[in-house]
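What follows is chain A paired twice: with chain B in the first complex and chain C in the second.
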Partner chain A sequence: MKREAGFIPKDGWNAFLASLAKRFNLYVPCREGETILFQPYHAESVICLDRPAASAPKGVIFPQSETLFSFELKKKAEDPRKVDVELKSEGAPQDTAIVALRPCDARGFSILDPVYMDVDPYYRSRREKTTIITLACPNPYPGCFCTSVESSPADKSGSDVLVTELDNGYFLEAVTEKGRTILDDNAIQDGAGYKEEAEGRQKAAHDRVKKAFSGGKKVKISQERLLSDEFWEETTAKCLSCGACTYLCPTCYCFNITDEQTVNRGERIRSWDSCMFPHFTLETSGHNPRTKKAQRFKQRVGHKFVYYPEQYGDLGCSGCGRCIRFCPISMEISKVVAKLSEEGEGSTKDAAEGARS
Partner chain B sequence: MIENPYIPDLATINEIIVETPTIKTFRVTLNDPSRMEAFRFEPGQVGQLSVFGVGEATFVINSPPTRRDFLQFSVMKAGEVTTAIHELAVGDQLGVRAPLGNYFPYESMKGKKIVFIGGGIGLAPLRTLILFMLDNRADYGPITIIYGARTHNDYCYKEELKEWGERKDVELILTVDAGSPGAPIREGFVPTVLNEVAPKPEETIAITCGPPIMIKFVLQNLVKLGFGEKEIITTLEARMKCGIGLCGRCNIGSHFICKDGPVFSLAQLNSWNYEI
Partner chain C sequence: MNRERLKEAVAEILPGVDAVIAYGQGFDAAHGEPCFVTKKEELEGLILNPLCEHNLASYLPSRKNKKTGVVVKGCDSRTIVQFLQEGLVKRENLVIIGVPCTGVVSAKKLARALDHQTVEEVRFEGETVIARTPRGEKRIALADVSPDKCRTCRYPTPLIYDVLVGEPIESDKDPAAVYDDVRELMGKSLEERKAYWEKEIGRCTRCYACRNACPLCVCQDSCIAETRDPHWQSQRSNLSEKMMFHFIHAIHLAGRCTECGECERACPMDIPLGKLKKKINMDMLDLFDYVPGIVCEDKPPLYTFKVEEKKIEEHEL
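This part shows the complex of A and B:
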């Protein structure tokens, strides 16, 4: 029977990563100056586990920019004014693993899954080839609100293995079959005896996360406030439409498709895009259904807390708090949602002012 | 393995019809004869046309499923992709991703009187359904078509307009915005002409497409004429990239124009608080 729980002593962690790197294209959180970013692992990687990465590792499975297919234009022998087009698909992805992402980022993948798995072969093939080895969050960071969106610092959704840091080492818990394969390694000790210590750690971390709204049940958005132009105009008065929130988000998935071409060959490319940008919905005719930043921010919040739940059940936000930490005007989505919720107090106008302050 | 929805079929342009100074109609066939043979769609569904190296844009399949020798798309020259399509000649290659989206609920229209209200290039999706109904003529009641363009030169499908005008089972009412009316063409904006014609709402379905501002007032006027919001059907446009409900541009709340539409009833739009 495959092992469900494992233990790696502190001094065995680097060897564990090195052994993973032999089997996988491995991504780890690395220090780049003051910033933590997910980077391909190498022996000299400066791995940082003590605070969350600045951006989600979403791009490992859903790259910021990727080729959908390439095309070649060939002049026809019989009529050089005409060209034949030849389309070429991309190769299959390699085995990949992401290590030490936080549960909010792993949950991000479980939020993308129902949208992409059944229709998007690029997402699906990378997702299937990627093993997610998550590090339970030891401490909340400013802006974190995972426990308000039905998640927690030890949320297993989206993960294959959940790792909890202990005094003397790391407790590994298999979540999926892929995860059990990771634990099936002679260098990993049996971890059954460490379960209790890990659960104590997880619970302590859970209790330290600040509640932003709702007492654990799914937040209900007031339809009246969602539809109030005044609410959104007040809320977004300072928004710069910079799009930072969407690029750092583990669950944003809007994209653009563009062609790039040299003389006789080119590629069709998919790139992340942002619903915060005014030209995102601009039509060729000049018509634009979301000219105002109030309409655009309503779309972002509405998508995560109303439209996505209508389609897929869960909330479309994992509470990572990056859009709060990195917003240049200190917009706090958790406050906006608290004001939008049916439990929010006061009039819609008061709510808007509260969300902005 | 799931089919890759982003990879277009290659298609060849067989015929180009110049409709107006800014609109051309392209008749294409898929290069793979078995794909062309197996191609099935419903009236009102759309497709993405690609010019490789320039990009993709969305157009309605403008020929009805009852006529399957070619797929027809009418393209108004407006932006980069449409300009590139306009520069193509017979024999040139296009990419086609189709069919996408939903279609006109023609089953529920059987036995009813039908009023089409179109403006400009907005006749393109209506034409698909008009031809489909004319090809299944016995299934439908009297058909009225109100069609407006800016000027005489801006009418699409002039041959068919002539034919529909001569048919006894079709009432065709043409109008130009201003300036150059001439018998039997009226003068006036489409929503105003709709009020003048004042079709009776009983046992009647109204279907409209045109510029957003025209649709907005046509919907209002149809309600004033007594049409129920379930009997008013429109087909919408939006900026689209993927055509399969992912890229995030064309949503109305949790509904996507590309995937759940482009055909909606006014009842649906009202229930989603959508204003054109």
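This part shows the complex of A and C:
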């Protein structure tokens, strides 16, 4: 029977990574100057586990830009006035593992899955080939609000293995069959005896996360406020309409497809797009249904907290807080949701209670 | 910086404007944020302290036809001067509240100084920042966590204002030191500089926070980074595209950039974008003896044309 729990002493962690690197294209959070980014592992990688990476490791499975296929226009030998198009597909993805992403990042993949798994061979093949080894979050970070979206610093959703850092080492818990394979390694000790300590850590971290709004997945968004132009104009007055929030987000999945071509050859690429950009909704006719930033920000919040839930039954946000931390003007999505929610400030319920007291 | 006097000044101009752009407390104790005041009740939320790092003038061109009040520090006021030179705002639609400033806090540098701990409280005593984190209280000299621009600030008092909140301050900084950081970088070999920028710009995510935060990036929806027609840039996320975007951004600001540092402040990837722009401004100073954003009646050198420029020697070749 395969092991469900494992333990790696502190001094065994590097050997664990090195052994994974033999089997996988390994991505780890690395210190790049003052920034933490997921990068391909190498022996000199400066790995940083102290704080969440600046951007989610989403790009490992859903790259910022990827070639869907390349094409070449070739004149026909028998009739040079005509051209043939030669298409070439990209190679199949290799076995990949992401290590020490946070549970909110892993949950991000489980939010992308229902969108892409059934319909997108590019996403599906990478997702199936990727093993997710998540590090439980020891501490909430400024802007974090995972418990408000019914996640937690030890959420297993989207992960294959959940690792919890203990005083003397790391407790590994298999979540999926892929995860059990990871634990099936002689260098990993049996971890059953460390379960209690790990759970204690996880609970302590959970209790430290600030609750931003109530209702969790069932957060009741006031239709009246969602549809109020005034609400959005007031809320987004300070927004710069940049894409920092969407590009660092573990759950944003919108893309653009462009042909990037020289004279006779080129590539059809898919690249991330951002609903914060005016071009995002520019139609071929020249009409743009979302010219104002208020309309665009409404779409971003609406998509994550109303439209995605209607379609897939879960929130489209894992509460990682990056869009708050890295927003140049501190736009706080959790606060916007709190204001939109029927239990939020200024709601009719509050007003009614205020009138009674 | 006197918050009470600022509140009075904002209250006074509020009835005559569409909104006053000032500062409020951000999402945590270590961040300020832009705050659009439209009602008297919102005055209580205003802050005026070294967390007021942002250049609020950035919002003005998009409000050209709306009467707007704005709070500016000395550095930010240079942006308004530049706007007026370029006709990007209407003076009659602006009510400028100037705030003399002895330096602000860079939220990024403060986070570094506090080892990225959660900040529970920040207060200021003179030139000292006192920050409380779960590890305890730490006292940090303001100068140690100020953006680079503050270290060489020559204009602590706004150059243009309608109301001044506080007493004017003279700069004690050496004007010759403004480009020391650029000179240091230029002292390196071409290969070293190339490696430096490739490493820094390699982190770019093309989120365009630098562009959108830049008060003088005014192409808006027609930015070369995104237009398909003309197709200047591909959407590939590779080094050459990222370099191309940042170099074009910098060159478009030649002799216009007031070195407010918004590009660098906004960048989520911590790329030292200000240095690129400063390098070009340094060249503009050498060639044209010109410093952007100082005199409203000036014309940026690249807006004018002389058959023979004194310091450009091509005509003698």
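The working rule: the second predicted complex is superposed on the first by the 342 of 357 C-alpha atoms of A that agree within 3 Å, B and C clash if a C-alpha of one lies under 4 Å from a C-alpha of the other, contacts with A are read in each partner's own complex, and residues count from 1 in each chain.
Keep in mind that, in the parts below, a contact is a pair of C-beta atoms (placed from the backbone, for glycine too) under 8 Å apart; a residue touches a chain by one contact, two chains touch by 3 or more.
Computed from a predicted model, the values in this text were never measured in an experiment.
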**Prompt:** Which of the two partners, first being chain B and second being chain C, lies in contact with A:E32: first, second, both, or neither?
**Reply:** second
**Request:** Answer with first, second, both or neither: which of chain B and chain C does A:I47 touch in the superposed model?
**Result:** neither
**Prompt:** For A:I221, is the partner it touches chain B (first), chain C (second), both, or none of the two (neither)?
**Reply:** neither
**Message:** I'd like to know which partner A:P278 touches here: chain B for first, chain C for second, both or neither.
**Reply:** second
**Prompt:** With the two structures laid over each other on chain A, which partner does A:T258 touch: chain B (first), chain C (second), both, or neither?
**Reply:** both
**Request:** In the overlay, answer first, second, both or neither for which of chain B and chain C A:A237 touches.
**Result:** second
**Item:** First, second, both or neither for A:G143, with chain B first and chain C second
**Value:** second
**Complete:** chain A residues contacting chain B in one complex and chain C in the other 256, 258, 260
**Item:** chain B residues within the chain A interface of the complex
**Value:** 1-8, 10, 50, 52-57, 78-79, 82, 91-93, 95, 211-212, 237-239, 241-242, 244-251, 253-254, 273
**Complete:** The residues of chain C that touch chain A in their complex are 19, 26-28, 30-36, 38, 54, 58-59, 108, 112, 116, 118-119, 199-200, 203, 205-209, 211-213, 220-221, 226, 228, 234-238, 262, 265-266, 268-270
**Complete:** Residue set of chain A touching chain C in the complex reads 32-35, 37, 50-51, 54-55, 63-65, 139-143, 234, 237-238, 240-244, 246-248, 256, 258, 260, 269, 271-272, 274, 277-279, 324-326, 328-330, 332, 335
**Complete:** Per the touch rule above, chain A residues touching chain B in the complex are 68-69, 71, 73, 79, 82-85, 87, 89, 115-116, 118-122, 124, 227, 253-261, 266, 268, 270, 273, 275, 280-285, 287, 289, 299, 302-303, 306-308, 310-311
